[in-house]
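Just below sit the structures, each encoded as structure tokens.
Across the two complexes that follow, chain A remains constant while its partner is chain B and subsequently chain C.
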Partner chain A sequence: MTTRTRETTRLKPHWSSIFENGRGARLYPYLLVMPAILIAIGVVVYPVVSGITSAFYDVTLRTLNSGDMPFVGMRNFERVFADPNFMRASLNTVIWVLLNVVAQLGLGLALALLLHRIVPGIGFFRSGILVPWVVPSVVAVLTWRWMYDPSVGIVNEMLVRLGVINDYHPWLGDTATALYAVTVESIWKGTPFVMLLLLAALQLVPKSILEAASMDGASGWRMLWHVILPQIRVSFAIAAVLTFILTVNNFNAIWLMTEGGPLNSSEILFTLAYKYGFQRFDLGRASAVATMLFVGLVIATTIYLKLIQAKEAD
Partner chain B sequence: MSTSSPARGRATASLKRRRTPKPVRLALLYIGLWAAFIWCVFPFYWMIATSLRAKDEIFARPPSIVPHAITLQNYVDLLVGAQFWRFALNSLFLTLSVTIVSVLLSVTAGYAMARHRFKGSVMLPLFMLYGQMFPPVLLLIPFYIQLKFLGWLDSLYGLIPVYLSYMLPLCVWLMRGFFAQVPHSLEDAARLDGCTRWQAFWRVILPMARPGIVAVATWVMIHTWNEFLYASTFILSERNRTLPLGLSGLIGQYTTDWGMLMAGGVVTAAPILLIFFFLQKHLVAGVGGGAVKG
Partner chain C sequence: MRNFLKNGTMAVAILTGLGTVPGWADNLVLWVNAPLASGPDAPLYAELKKFEAETGNKVEVQAVPHMEMERNLFVAMSGGAGPDVMALDIAWVAGLADAGLLMDITEQSAPLASKYQPGPFAGGRYEGKQYALPLYTNNAALIVNDKMLAQAGIDKAPTTWGELRAAAVAMTNAEKGTYGISFGSNRMGAFQLYPFIWQAGGEIIDDKGKSHVADPEAIGAVDFLAKLYTQDKAMPESVLTAGNWDEVHAPFIQERAGMVISGDWAIAAIKKNAPNLAFSIHPLPQGKKAATVIGGYNLAVRQGTAAPKAAFQLVEWLTGDRSIELMGKYQRLSATAAATTPEAIAKLPKEMQPFMAQASAGHPRPVVASWSEMHGVFGNMWDAVIRGRPAAEALAEANAEVENLLAR
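Showing the complex of A and B:
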């Protein structure tokens, strides 16, 4: 059978045989990647370079229309640093990222440990717990906005019934709570993804290690800390960096619940850059903030890459 | 596996007595599972419950957890309006175009990066990963300037290249992961049978990688269907809105029709949830095997 097919295909030269040897063979892989690379240069590389460049030019609607954008050096950055909102947004970004990363990793690990064991009905629980991850982000954010409603929101009603608060509270309308209220939604939405990453890692931990540890009498916390965590440490770090990147880039949650308000109390760098750019149309200053975010994310991505390589070497 | 010794076996027997008895541990496990389940599912339940209530019940205080009377009025209001269908068609058009283009572009690139050695075969995949992590806010501004220059602002066609900017790198990266999992021996066998390199790819490897390709395509569809930031910045007129934009547009300055908004949320989320629970296995493998493991 094999010999027959070989002969028949040999008899019919195929147009693609030009890639078998010589110049065709050398060009072949380049031709395969070419379309994607050309498009990526057009829609990723060029915009990134041009975005960073415009941080050093005076780009506003007026200069855009006249086509004459003067070079201003570091002026955009100086103007950003002089803005008190920028300091506020930087601080908020730190709080926002820290709370999200810590809570999502902690809860994600707890969920992964809960869902790790095969017990009756586990498929039902696993599917249910993935719901926040699957629901479209805009839908999720708007649902939470409705749940936080200051006059008839279910969150208020439940907290009153549990005795946590005495009266309904405008969670998203109060400068003291707006950022934290949005953070709760973001933790709810992001945790299942972390859980998935950690669950996949947990399932790769050899059973023999867990059994040996439990035979040694290691129980509960000690087992978690000394046996399980070291086994999944690389996946844990990957999840941390990914959560960091996703949280810095999480625009929908803040924008659709508070638009960074009230009084910039839930402003993060992303929404600040967006406001500079598309409410004040000061695109140069927006690019300056975006460039700073870009540098932070490139560093985070580099760490992420190193971790992936470490995992492959494991 | 073979580390346990008889001495250790005896030691466990004495230690086991100290640990919490098994039924109690199982009960605690289920309490934990139910708590997590309710926390995760409740907002989703609340969306559905709100969408099925009459207007006066939605704004009744205190709100009741279970609706008193179920009505489909909100869905009727939503689906009778021509706007909803317009938004849904816009979303569908964008989703399909972006998915087809990005899968076609990434399938050969992902394969070449997984299988062939060439100048840049190490750097390019890394670049794709970086491309996927770039902050969208940095890309927004040049895109805005470009689209304005080309006159493509407020057009669905203009959004296609914009969406490619973050879907294409993800696609190539995931595809590379899936192709790397197809065994080399298959390709070698096809080549021994006289296939050219292209034929081996097209007739043997591509069909083998189909589950991976379906997973990647589904990811692109889900992301595009849900996308909000770019659409809300570049789409200005009402008739070009996508579903997420249409939903956020239902938020009023002073009053919001939450019943209709939640009904819209259910209808927007439904296709994603359906696709997801049909393809759950493939999609989750994409997260674990393609995106993370590389």
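Showing the complex of A and C:
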């Protein structure tokens, strides 16, 4: 009988052997994530810090070119607050965000509930409803601009035929309606994304829970409020936060449709910051607005997520 | 021996290569507004080939849309990058020069001054120094739908403010949905109304840097134009929203407006979208005097370019006498003095001739560093007036803003 002896093969020492044990092994994972961290610092952390820092310096084209940018403390913020357009843009931002978030969440949920049903041809409707979201935002905005045209726009034609208005109306040219006209486009564009998130969440709700609730006599609103919504609350919260952030940062819709006009009636903080930065080339003041916007976004998002967590804990 | 031969061959090859180009060659990056480099067959490329053959320098063309050009130039050059030579709207020269981003070409351009039309040449000057030379010029004229004018019972295009109003009112028909004149909102409208301020004998900012925005002449001009919409209803509703030339031209192209104030860029748009529309172009109607607003593009050199000599050579090449033929291929007007001779005007396409004929009445917009912002102030003023605010009140507010900008 022959016995087979296992030969122990030792690997030839290599420079990478230093990561196999001891300090090298402890360092190894950090070295692996180091490139990702460096890239994140370069493309996320540095621009944010640089943007916030600029808010405290006099950064204009002249100072930028000369390299002599004096520290001005809170001066840029004072100048922003002294601008009457800032208060108007702040109020408009609140209206813009509230209308968008509430409408997109409401319509998104309604559409998700509608498309959750298994009926023949539902795939067609599910795909079709995503079209506004898939269309490039510039194309969508320019299409809506023509739809709102005060002379040949289809929106006016439809409303006249339906008897809602008597004459064509310059929706984007009227200071009373411009912001709301853009909001309609933004809601149309953003709702399918919310619907998609909520539809995915609805499909994960166990059927047994719905059946149990149904057997207990729950139906309609009670079913929605007490059974379905608690089941999808995490997805709902994510959709709310994302809609909030995307709406605040939705520059394309307002800029391409009205540029914040007429007479600043549709100005939001984002477009105001852009005007300071790239029309007046006052980058310090633009950074001041952007910093306030950033801080506001962080605070609002944190509060909302904390509330959701607290409810979760209950 | 082999090394000696090898080195010798290389030296001969290098010297032969150098012998084909006069002096050391430079690589230049040129930014132009997109229509000038719309495709590989664009006339600019052929002209640049001649420049390259003559000077040995290489030119890389980068096309930038007009709407993005100003922002891109500021952003790129503030970061120390950007082109060596750039085409820029004449209204941006002061802002870029004030920021120290353009090369001072006063000395090199002084002997060339007489070759250019005075208005466009002045558009490249800021605080006594020359920073740019004019590539092409344009101005605003009155474009008239001949059929609508005849149907309104008028036999000639308006030449005075009174005739302009009469024609606009006559062409307006609420039932048919036709209007007298198409006008832009905000910045577009502001560009169209500047000539009327000068025609009224007014001024925007004088040579001493004083604002005249709220002077009676300016108020009269703005009031006259605004009433065409607020009282006579002779402008279509697009005056409230038209934020680009396409939207300003649209009512005219659709034959819903009988007149439009625009530049030579309107011709291609009208011919393309309404090939059967019979239209004619006329100098702007006069107030107390004739005046139009000068537009166009200049060529300038970036401060700090690695090849200042070659860059200026390129500017001189493209803006000099060759520009008559080159710009003619684009249906644009050369800004050289030679382009204004009767013979040169006669060679222009018929529809271009009225623009050149009124070139002598051209006013550049004020060459001040914050002009882009002031233009925005005028835009908001126009938006307010057409929504019913009294011209005197709106212009007083605009004047205060302009004075603030001048004092900054």
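To be clear about the criterion, the second predicted complex is superposed on the first by the 268 of 314 C-alpha atoms of A that agree within 3 Å, B and C clash if a C-alpha of one lies under 4 Å from a C-alpha of the other, contacts with A are read in each partner's own complex, and residues count from 1 in each chain.
Following the convention adopted for this analysis, contacts are C-beta pairs under 8 Å (C-beta built on N, C-alpha and C of every residue); 3 or more make two chains touch, one makes a residue touch a chain.
All values derive from a computational prediction rather than experimental measurement.
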Checklist entry - chain B versus chain C on the shared chain A, clash or fit? => result clash
Checklist entry - In the superposed arrangement, does A:G190 touch chain B (first), chain C (second), both or neither? => result neither
Item to check | chain C versus chain B, contacts on chain A by residue | outcome: B
Checklist entry - Does chain B (first) or chain C (second) touch A:V152, or do both, or does neither? => result both
Next on the checklist: Taking the superposition on A as described, I'd like to know which of chain B and chain C A:A140 touches: first, second, both or neither.
Outcome noted: first
Next on the checklist: Quick check for you: in the superposed arrangement, does A:G108 touch first (chain B), second (chain C), both or neither?
Outcome noted: neither
Item to check | Partner chain(s) touched by A:A40 [first = chain B, second = chain C, both, neither] | outcome: first
Next on the checklist: Under the stated touch criterion, which partner chain does A:G260 make contact with: chain B (first), chain C (second), both, or neither?
Outcome noted: neither
Checklist entry - Does chain B (first) or chain C (second) touch A:S66, or do both, or does neither? => result second
Next on the checklist: Which partner chains sit in contact with A:F278 here, chain B, chain C, both or neither? Use first/second/both/neither.
Outcome noted: both
Next on the checklist: Quick check on the superposed pair: does A:T175 touch chain B, chain C, both, or neither? Answer first, second, both or neither.
Outcome noted: second
Checklist entry - Taking 42-50, 240-248, 276-284 or 312-320 from chain C, which overlaps chain B after aligning chain A? => result 240-248
Checklist entry - Which parts of chain A are touched by chain B and by chain C alike? => result 64, 149, 151-152, 278
Checklist entry - In the complex formed with chain B, which residues of chain A make contact? => result 2, 5-7, 9-10, 14, 16-17, 19-20, 25, 28-30, 32-33, 35-37, 39-40, 42-44, 46-48, 50-52, 54, 59, 64, 110-111, 114-115, 117, 119, 125, 127-132, 134-140, 142-147, 149, 151-154, 157, 160, 188, 192-193, 196-197, 200, 206, 208, 211-212, 214-217, 219, 235, 238, 242, 245, 248-249, 251-252, 255-256, 270, 273-274, 277-278, 283, 286-287, 289-291, 293-294, 297-298, 300-301, 304-305, 308, 311-312
Item to check | Parts of chain C lying in touch with chain A, wherever the complex brings them together | outcome: 71, 74-75, 77-78, 95, 98-101, 177, 185-186, 236-238, 240-241, 243, 251, 254, 256, 370, 372-373, 376, 380, 383-384, 387
Item to check | chain B residues within the chain A interface of the complex | outcome: 1, 3-4, 8-9, 11-12, 15, 18-19, 26, 29-30, 32-33, 36-37, 39-41, 43-44, 46-47, 50, 58-63, 65, 105-106, 108-109, 111-113, 116-118, 120-121, 124, 126-131, 133-146, 148, 161-162, 164-165, 168-169, 172, 192-199, 225-226, 228-229, 233, 244, 247-248, 251, 258, 261-262, 265, 268-269, 272-273, 276-277, 280, 284, 287-288, 292-294
Item to check | chain C contact footprint on chain A (complex, rising order) | outcome: 60-62, 64-66, 149-152, 168, 170, 172-175, 259, 261-264, 278-281
